[in-house]
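Per-chain numbering from 1; labels A, B, C, D and E assigned in written order.
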Amino acid sequence: MKESKSSLGFDFIKGFIQENPTFALAIGMCPTLAVTTSVVNGFWMGIAVLFVLTFANVFVSLLRNFIPDEIRIPIFVILIATPVVIVELVMKAYLPAIYEVLGIFVPLIVVNCIIIARAEAFAYRNPVMNSLMDGLGIGAAFTVNLMIVGGIREFLGTGQIVFGSAAFPSVPFFEPAAVMLTPPGGFITLGILMALFNVTIGAKGKTND
Amino acid sequence: MDDKLLITPAPHISSVKTVRGIMLDVVISLLPATLAGIIIFGIRSLQLVLASVIAAVAAEAIYQKVAKKPVTVNDMSAVVTGLLLALTLPPDAPIWIPIIGSAFAIIVAKQIFGGLGTNFVNPALAGRAFIVAAWPLHMTQDWLNPMTHDAITGATPLAVFNNTGTTSLGVKDLLLGLRAGSLGETCIIALLAGGIYLIARDVIDWRIPVGYLGTLALGTWIFGSPNGFFQGDWLSGILLGGAVLGSIFMATDYVTSPVTPTGRFYMGVGAGIITLLIRVWGGYPEGVTYAILFMNLVTPLIDKYVVPKYYGYMHDIQARKAAAGGGTK
Amino acid sequence: MSIIAIIIGGVLVNNFIFMQYLGICPFIGVSQNLETAMGMSGAVVFVMTIASAVTAAFEQFVLARFGLEYLRTIAYILVIAAFVQLVEIFMKKTLPGLYKALGIYLPLITTNCAVLGVTMLNVRQGYGILMSTINGFAGALGWSLAIIIFAGIRERWQLMDIPPALEGFPLALISTGLMSLAFLGFVGLFKGLF
Amino acid sequence: MITIKKVFGGVDVPGKKELSKDCPIEFAGIPGEVVLFLSQHTGAPSNPIVKPKDKVLRGQMIAEPQGTVSAALHAPTSGVIKAIEPRFHPVQARMADAIILQPDGEHVSDESVKPLASDLEDLTPEAIRTIARQMGLVGLGGAAFPTAVKLAPPENKPIDTYLLNGAECEPYLTADQRLMTEEAEKVIFGFRAFMKASGASRGIVCIEDNKPDSIEAMKRAIQPYSEIELAVLTSRYPRGGEKQLIQAVLGREVPPPPGLPLDVGVIVSNVGTAYAMAESILEGLPLIERIVTVTGEGVAKPSNFKALIGTPLSFLIDKAGGFNGTPRKVIMGGPMMGAALRDTNVPIVKGTSGILVFNVDQVVEEPILPCIRCGKCVDVCPMRIQPLWIAAYSERGLMEQAENARAMDCCECGACAFACPAKRPLVQWIKLAKAEITAMRRA
Amino acid sequence: MLNAIIALGIAGLVFGAMLALAAEKFKVEQDPRMLEILNVLPGANCGACGFPGCSGLAEAIARGEAPANACVPGGKAAAEAISKIMNVDVAESMSEVAVVYCQGHEHNAEISAQYHGVTSCKGANMLGGHKSCAYGCLGFGDCVKACPFGAMYMSEEGLPVVIKEKCTGCGACAKACPRGIIDLVPPDKDVHILCRSFDKGPSVRKYCKVGCIACQLCVRSCPQEAISMDKGTLAKIDYSLCDNCGICATKCPTGAIRDESAVSREEVSA
């Protein structure tokens, strides 16, 4: 296993561009679509993933020399499932409303491809600090993505963006399009955003030739 | 170049039909219904139609310009889309509704897939479904009374019919279109005239409208009455709502309907069944849009599995057997 | 009657793809041609149905009995993963024909969030073992319907000029959006029966 | 009377036969140069047996068949062999070896050109087949399949019915119509020779109903022969396609390729071929001339010529009064299946039934638009395949899928492309696919 | 707490044992490269690649049916590792380059007809082509489309140009050309007779400014006697004898012979 020579800064920032999980790699689609009816939902979902991802990355990286190759996948699953359960319990206790809205997508973080992919592709073959930065970076990028999608859908769908107690006032003459909060709106918004990413940022920072 | 001879593959003669001509035929066939809509629901209808058509053509032209593709608005397909979308709108809908609907229809449902011939759902219906989901109140409440043109309160005749199985409207009113409803769906006579024109001009296949309306009539007769089976008012069932408009002008859209005659019949029957499902047991009073959209989705499957038996099919197996039995060529 | 309602609800009304956002990754990934989509569908129906039954039983006889509901996530994923492996072994031995048709799709299913998702939904709905099984079966049918339709549509993409920016996922997502527009029509279907 | 069965597909095409249908057959004359391709037929090219500078006489064999599926070639007139060199082959659309003959204008016949028999009773089936091979007979309907091969079906596939194809469903062309009207007796004589050679007990003459004069003439000619019947078909393209004819007249369907009509006990021959057979037996004249319709809005005086094989197009067009305006398209064959040529400096071959000249007004120059899946091509395809998909696969190079869509079944009749509102060159795409698939199979 | 540990522990043990057993029992003989690739793949089985799971993709890559970078979640690391596994001396395969044996673009060769149909060389060739020369380039770029390496482009005049540095000598273009005017030659050869017309001199002269008119000046001038006449009407170089001297190119009256080293020298000096 070749150790990465990339800088910690790069490991953090790459998640936003070359390895942007949503727009460049197109993984973790289900939560990206399901919970992005508002910025707040997107934010908390993103934070949950960020935590799980960082936790899993760090532990996989720590244990990478002790995990036998053949059964690494089951071990990854355990290392991922544990923080997921923690997140679930914490959310249930402190953010019951959000937990209710996010529904089964919190436990489903367990099967989110982003996490197992990072564990396998990065943490399993990189030092702890790099893995930590990778987890934080990808997680942060994922959070930002969810908030962008959530923001667009929330604004177009309700006419305003509510975050905590603050709410952007609605624009005059604008009739919110309820469709943006429904699945069709979600799919189409994400599809268009991805296409836009492809022609702008993605075109510049292509990972593979 | 004209002094040189032209070489082209055979055949060297061609039918007079062109894509543009076909689209023009569709537009012509829609004119009676459009006119009827304008007469029945007032000049407001004309504004909606114009807004929709202009927006559709503009959307197509702008997209093609931006995407650096040849601008093909003169094939008239955008006009057809805009016109069809307008005819499905409530007559009192705000003017920006058809504009957004047409833009969505042309850009998202059609152009990004590569333009004419490559979209998999009927653009006009996708546009309509989109605005129904986006602004449901406008699309379900902005009705007008026929001839008096005042806003309507209470349920539409179709909603009443779905709940009670009866309608207070006579067949004559239904045929003339003197009822509340979408701009172009009410005047059945005008729609039928357009349909007959299209069938006579060999533009559409009769199997789709006949299969559709036949299935819907049969289903309405069986299930359409709250009093029991086989008592439904099947005639009102097909005349109320947009089934005639949809079956003649939308389900028959070439690009999104099967290419084989049998496949087209299945398309009609399938759309009829789903319309019935939504009308009788569903959450919406009208299911034509969704029924046709759903059949659009399964059209590739129909095309794949419903294919005509090729020439010589009957002998194919026999011939193979003979060949295996040592026969020579 | 409620069984029929659950099935129709799972297939048309609460379709996993178009309404619940479950199993999107394989839906887009494995829908490039009809045959693969059908193989995948068969495998999903098979696994989802039995996974629902097994997890419901596990819930009832282990987790609920010992008050370990908070371990549900971790327990389910283990149960499903192990179960899929078991099925694979069993199938290879006893049903080689079926294994050939479905076997290669089995590993893909463990991480299909629809499988874990449906078991979670079952618990939330408070379904017993029988209802869970039916719900899992219906959900899988709906997922299969979606992917088979989509594969049919996608097979035509090879005959189209798609703008490069839209190729792959973007166009797949927009298509899915348009498809779910059509499925919106089923919202409220058989409401009286639920 | 024969009841005509329903046939799927086909298109109604403008007949345009009136341009030349009343013009009697005239001998076109001897051109300044005769170009005889070694490959004018299906199968192996013939093998030249003359050298440059050799003197040859009319009817003398100048190239012999090579292998079973091949045909002999004869000098159409007397003269000197100028060269054997590649020339542009109008049908194969590439350079191909040809014997160039410089006529001396004498038109002296070889001594072999003498009556072989006057009555069929004097000939055995084997003798008839030998004559067909010696005389270089090939199907004159277009495909140019060697007649001798066709007349010798394998023993396990007995022939019960022989169809004489006088449908001539291609628009514009009237060569067969004139031949049937003017030479009915000889055509039937040749037809009877075919029947005898193949062992068929029943013969049916098939004519489209837009040729009343031919029907009348043929009716009279078959009067004495109870085994020969007449089938009058409604005119619709491609009625005269071999497979469609069998389907319409007998209700049988030929198995898909490589199936042949003889798999269902039928042989089909063109009236022109029957006439050539009669000429071979009665006059000892090999296939050195044929009836060619020179027509189209672009020629001054549409005509039906008896022309020597190898006569340049320009010669025949001049005989027909030259161009009528500026030609835009010159087609060898009919408008549905013929080949457009880039100049008129090419010769006719054995399979050439017509020369068609169009001015700008008759030429379709619409842009090729995307397929709108109207399904018109599916509705008209006589082979009941779906041209739109095959063409689309071919366009994208997806040849395996094209093959699965039954590209090889295509009979290239052109009905689909005729009907296509988007003016897509469907047949060309399918032909390209067929070529690729054939190459793939060979590999 | 204790319950949890016991339950999970037991479950883990049972499942672990089961998985180990299964892994042991059903070890199937497979392409070793496939196993190697499978090892590098993330094992997420997410299906984003379009294949049924990671093993499906690994198999496809091993069989060469999928590109090395097909795994999206695996990212660059996986792609690099896989290409290393799959790397079968790609660098050394450039033993030949493609040469287009025609210079008859629209200014050089006469166009005798207008073509309207399937816009491809194959399509045009089916109808004999729109140029007078029945041997030369048709200019629709079938070869350019066939090139998997982007090593060809169409010049402004409508002739395909090979980018020598990118050409791998795979021969896809030669196969795509319906007129067979593209051939593979050793990359160190600079002098080529860029004409494939077997027509006689006078007719070539009529329709093409740069065609071989069979004057045989090159045959006589070649010190290596590497040039001979094919069928008497077309000069041809035997590359095994040619030493790139370029004398023939200077003698050719029509410019049908091209000396690339001379051309590049000119470009440098200019």
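The criterion applied here is as follows: a residue touches a chain if its C-beta (ideal position, glycine included) is under 8 Å from a C-beta of that chain, and two chains touch if they have at least 3 such contacts.
Since we're looking at a predicted model, the values are computed, not measured.
> In the touch network of chains, how many steps separate chain A from chain D on the shortest route?
2
> Measuring between mean CA coordinates, which chain is farthest from chain C?
D
> Is the number of contacting C-beta pairs greater for C-D or for A-B?
When A-B is set beside C-D, the one with more contacts is A-B.
> Measure off the straight-line distance from the CA centroid of chain C to the CA centroid of chain E, and report it in whole Å.
43
> Where the CA atoms of chain A average out and where those of chain E average out, how many Å apart are those spots?
Between these chains, centre-to-centre, one finds 41 Å.
> Please work out the Cα centroid separation of chain A and chain C, and write it as a whole number of Å.
Distance between chain centres: 22 Å.
> Using CA atom averages as chain centres, what separation in Å is found between chain B and chain D?
Centre-to-centre distance between chain B and chain D: 46 Å.
> Can you list the chain D residues in contact with two or more other chains?
Each of 339-343, 365, 395, 425, 428, 431 in chain D touches at least two other chains.
> Using the touch rule from the top of the page, what residues of chain A touch 2 or more other chains?
In chain A, 26-27, 74, 78, 113, 116, 182, 184-185, 188 touch at least two other chains.
> Going by the contact rule already set, what residues in chain E reach two or more other chains?
Touching at least two other chains: 12, 15, 19, 44, 46, 48, 112-113, 116-118, 123, 126-128, 130.
> What part of chain E is in contact with chain B in the complex they form?
111-118, 123, 126-128, 130
> Any idea which chain B residues touch chain A in the complex?
On the chain B side, the touching residues are 108, 130-131, 133-136.
> Where on chain C is chain D touching in the complex?
158-159
> If you look only at chain B, which of its residues touch chain D in the complex?
Residues 2-15, 17-19, 21-22, 75, 114-118, 205, 254-255, 257-261, 264, 307-316, 318-319, 322, 327-329 of chain B touch chain D in their complex.
> Could you pull out which chain D residues touch chain B in their complex?
8, 11, 13-14, 154, 156-157, 171, 243, 247, 253-256, 258-260, 263-264, 326-331, 333, 335-343, 356, 358, 360, 362-366, 369-376, 378-379, 382-386, 388, 406, 409, 412, 414, 417-423, 425, 427-428, 431
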